[in-house]
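Next come two complexes built around chain A: one with chain B, the other with chain C.
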Partner chain A sequence: MARLTMREAISQALWEEMERDPKVFIMGEEVGVWGGTYAVTRGFYDHFGPERVRDTPISEAAIVGAAIGAALVGLRPVAEIMTINFAFVAMDHIVNQAAKLHYMFGGQMVLPLVIRTVGGGGRQLGATHSQTPDAVFAHFPGLKVVAPGTPADAKGLLKAAIRCDDPVLFIEHATLYQLRGEVPEGDYTVPIGRSKVQREGRDVTIVTYSKMLDISLKAAEELAREDIEVEVVDLRTLRPLDMEPVLESVKKTNRAVVVEEGWKSYGVGAEVAARIYEEAFDYLDAPVKRVAQVEVPLPYNRTLEQLALPQVKDVVQAVKEVL
Partner chain B sequence: MHLSEPKQVEMFWMMLLARRLDERAWVLHRQGKIAFHISGIGQEAAQVGAAFALRRGEDWVVPYYRDLALMLCLGYTPREFMLSLMGKREDPSSGGRQMPSHWSLRRVNVVSHSAPVATQTPHAVGVALAIKLRREDKVVLTTIGEGATSQGEWYEAVNWAAVHRLPVVFMVENNGYAISEPVEKQMAVEGAAARACGLGLEGVAVDGTDALAVYAAVARSVEKARSGEGPTLIEARMYRLTPHSSDDDDRTYRTREEVEAAKRRDPLLRMRQHLEAQGWLTPEGLERMEAEAKALVEDAVDYATRAPYPAPEEAAYPVFSAEVRRG
Partner chain C sequence: MVKKEYLDLYYQMVVIRRLEERAAELYQQGKIGGFLHLYIGQEAVSTGIISVRRPEDRVITAYRDHGVAINCGVSAKEVMAELLGKATGCSKGKGGSMHLADVTKNFWGGHAIVGAHLPIAAGLALGDVYQNQKAVTICMFGDGATNIGFFHEALNLSKVWNLPVLWVCENNKYGMGTAVERASAVPEIALKADAYGMKRDQVDGMDVMKVRQVAARMIEEIRAGGGPQFLEVFTYRFRGHSMGDPERYRTPDEVRKWQQDDPIGIYHNYLLEHNIATEDELQKTIREAEEEVEEAVRFAEASPEPAPEDLFKHVYVSETC
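For the complex of A and B:
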């Protein structure tokens, strides 16, 4: 096992898949000469050339639209949208086209498309540059939505996404690129649509993903010092949502907290909590608690921004409230 | 459309002040005192030229994030700029809520914009539509980088304005780069002005390092807009002398030789030489201006540094209109 950063793990996945399959290519704003806004594709342009690492104009709708076209005829594009905030100008292509074409054509064509993008706040980039609208995209049947929280999962899930015949929205977190973790050697994939227990515990189940996994694990460490053992389940994929490990855990701990970075209203926590109520109500000893972002457009000022985002102490407090 | 000597000297002063403020912003960022800066260095001439062609404070302006010089011409102050960079409560654009250089200044009819580029263009067209519906004697100036003219929204908005003959002037500040991507990776035509031909409005390319040339082009377009003859697309060509923002290193995508060559066409230098040749700017006069700019920059930095941050509870409002500022 090597210890890699999230950035290195994602970059390796792309590199290896491009080496493995000539049908895989990358396109997006700044991905080529500059190597990507978050430096994930640095070195790719020189190695794979401008045909397979294509710098595009600032045209998010055209980036996704053209990637859909290329995928429909058999290529495996990895389209990069610089930040998920800019995906809104490509919304029609993502939710009306990519998510529906396979179904609407009666399965005649597949859409092996990956849209890589970056979400999340915490870098003082203001309200239209820092959102976590993952739940919005996870709402649409036909679109797989993946959001890894560890380097090993990021690498394995991205490789799985590139090999997948369905459109996958792959959401990286803006503040996780430097996060280090053990990554298996050699070629491996992590299946899309499988949640995973990232820490075992008997007292309370935390359900989370992406950046909030890191926050939740830190909270779990803190709680362990007070002899509260938290089990942390990482969703990893928001659609299709794998509730099995969540339900198994809740049946063991009888208490659950859902931690997400996005807003609480109509969010991931709402969905997960509803499913727990539907499928494990009788096992619960307390109402499910949700931790989420304060419901404001995210402010630029660092103090205000951090106040609006969920912190370790918020998770610790929520866990204590369900005990 | 002749501009008097004092007007031309004032133009130079605005360019100089914008430059010195902008340079200080870079220093503050390198010192770790601000989180982000996006620069307008190299674009001051076009911005000042355009501003002087407006009825400032009456006409509407829907700018983009490089328009510091334009904003100063409209009455934005050095202190306000520094407050915005530092995310302070008094920042008039947003009270520390919006990124710096995403201007908003109601008192002089400046509308804020969003980080996804070209989203401001349809807004500007909407403002122009309102002006026309209300039969007001006003125009809208909206600016944008050339890279953003690849966005579908930009075409939709410009097309609208042309169809409805709206009183709006679209100024593209073509600084040669969209972050790292040069113009030829963004468009197959020579420049953004050529994009007008398929949309049914006049497209004019002008040297964006020449404040007077830009003034003349914008003044003519403003007059046209005011008299009901519809929109114009102006492309001001210049060079972005700095990296895209404080988050990138331009050495990875362009040569130093290219940047050095562009510095010889620095718009500030050009305006200065023009004024000197006219005998309107003496070495002493320039020294006075530099001293005044330095004093204003120092004052702004001091003021903003001492100014309070927003209170924690200010993060929570105003999300809806009933929640007017409580502080």
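For the complex of A and C:
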């Protein structure tokens, strides 16, 4: 296995799928000549050509809408929305069209569509460019929402998403592109809708995903030095949500902390905690604790921004509070 | 055109008219729920345009979609069953009046968010270009849709990428109850195509033969690779925006004036004046159309409701993949 960055893993998945299936193509802002604003598609335009690596106008509703149309007639578009903050201007096409057409027309319309986008704070981009609104999109039945936290999962889940016949919102994290990890070579897929234990432990269950997996694993390292063994469950897919590994873990540890980068109110932590209470209440020895972004629009100032985002020390403290 | 084709257009228009009159009655009886937007008065528009499409040409429209469905070849039975929410409806009772579709007939719906289907139409055409198909996508929408961002994004993209789309604006003078002049900075809607460097035309939408002629020319120019074009069709809906519209925005006189230009009446006279059909033949056609609609109502009423387990079908193609 090669050690790749998240960027390389995602790029490899896209490249391999485009080589494998001529129906797969990319469209989005600056995906072609520029090579992708996060350099994920660098080299694609020269290799695959302008028909399969399509630069679009700054026109998110048209990007997602046209990708839906192309998917309906049998193609497998990978539409890129430069950041998830711009997905709001394509909101109707994501949640009102992509998520509903298969159901609303009685199953006759099929949309093998991937919308790749990038979320997350921590880069001093200010309030409108730093959001983690994953839970908003996970609210809608009909859409699949995937947010990998390791390079291997990024590759495997993206390949699975491209082969999937349902619309998938694939959320990458802006500060994870340099993260390195072992990535299986060649035809490697990870099923959508499967959570995974990323670290085993007996004392407390941490449930998390995406960038917060990295933060949680660092917290687990720190806690291990104090002889606290944390089990870390990575959701990987927010919808459909696979609670089985979470519940199994909680039944073993009897304590849970949910760590997410988005705001706490109405968030992923709220959903996961509610499910734990509904399905494993009798196993709990302490209330479920949530670690999340504080409830402010993210500020530009670096110190203030970091104060708002969940840190390793916040996770360590939350784990100690449920012990 | 041979005589049978002329009579078939007449038949389709009468089926649409009669089907919607019956739907209005069924709505008032509580047998149809939700919203019901009638196409009555506008039948010549979709009948004329769709009569010149080839089977590979795709059609997509807004929520005033009953007529378009019929013209695309969806049976009156499946349309009526969908209005009644039955399992035998063209969308299996999941879509209702605003969400008719039959992709096997290349009819891609029935879309109820104003303007949202325009970018999707661009995508249908993109799919054809990508796969080297010589098909044209016909995208119909109302005058109201030309003021929303989706319209501008879709027209721009279609021109930038030279996509084979015929954009058809059905200008029936009102977006719900707001007159075009009160909603659009440029009330002559066809001029909006100029902003995107697009070839355009306008046509009297109450005359099916005129609509047909213009649409045929535009569709073939688009098919030849000339890029998207824009057609503004002047028409009028004789009924309210939807059932239960108090119609405070127009006078009965205005409606009566337009009803003198009834598209079925105009075509009826055309067929007689050109000695294409006799009055008896047209009356016979009307009776046949009425019988098809009555049969559709019987079929829809006798059809089963969707099963409770259908509630969870078609959320995804596959839960895991």
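The working rule: the second predicted complex is superposed on the first by the 323 of 323 C-alpha atoms of A that agree within 3 Å, B and C clash if a C-alpha of one lies under 4 Å from a C-alpha of the other, contacts with A are read in each partner's own complex, and residues count from 1 in each chain.
The rule we apply is simple: a residue touches a chain if its C-beta (ideal position, glycine included) is under 8 Å from a C-beta of that chain, and two chains touch if they have at least 3 such contacts.
Quick caveat, the model's predicted, so the values are computed rather than measured.
Chemist: Applying the document's definition of touch, where does A:163 land relative to chain B and chain C: first, second, both, or neither?
Modeler: Only chain C is touched by A:163; chain B is not.
Chemist: Could you let me know whether more residues of chain A are touched by chain B or by chain C?
Modeler: Touching more of chain A: C.
Chemist: Figure out whether A:78 sits in contact with chain B (first) or chain C (second), or with both, or with neither.
Modeler: neither
Chemist: A:303 contacts which: chain B (first), chain C (second), both, neither?
Modeler: Touch status of A:303: first partner only.
Chemist: Touching A:190, do we find chain B (first), chain C (second), both, or neither?
Modeler: In the superposed model, A:190 contacts neither chain B nor chain C.
Chemist: A:103 contacts which: chain B (first), chain C (second), both, neither?
Modeler: It touches chain C, and chain B stays clear.
Chemist: Of the partners chain B and chain C, which touch A:294 in the superposed model: first, second, both, neither?
Modeler: first
Chemist: Would you check which partner chain A:61 touches, where first means chain B only, second means chain C only, and both and neither mean what they say?
Modeler: A:61 sits against chain B and chain C alike.
Chemist: What part of chain A is shared between its chain B contacts and its chain C contacts?
Modeler: Of chain A, residues 56-57, 59, 61-62 contact chain B in one complex and chain C in the other.
Chemist: Which chain C residues qualify as touching chain A in the complex?
Modeler: Going by the criterion above, the answer is residues 58, 89-95, 99, 101-104, 108-111, 113, 116, 118-128, 130-131, 149-150, 153-154, 156-157, 160-161, 313-321.
Chemist: Which stretch or stretches of chain A touch chain B in the complex?
Modeler: Against chain B, the touching part of chain A is residues 29-30, 33-35, 37, 55-62, 85-86, 88-89, 124-129, 294-297, 299-305, 307-308.
Chemist: Along chain A, where are the residues that touch chain C in the complex?
Modeler: Its residues touching chain C are 25, 51, 54, 56-57, 59, 61-62, 64-75, 77, 92-93, 96-97, 101-110, 141-142, 144, 160, 163-166, 191-194, 240.
Chemist: Tell me, which parts of chain B touch chain A in their complex?
Modeler: 35-36, 87-88, 94, 96-100, 102, 114-119, 147-148, 150-153, 178-181, 185-187, 248, 252-253, 309-310, 312, 314-317, 319
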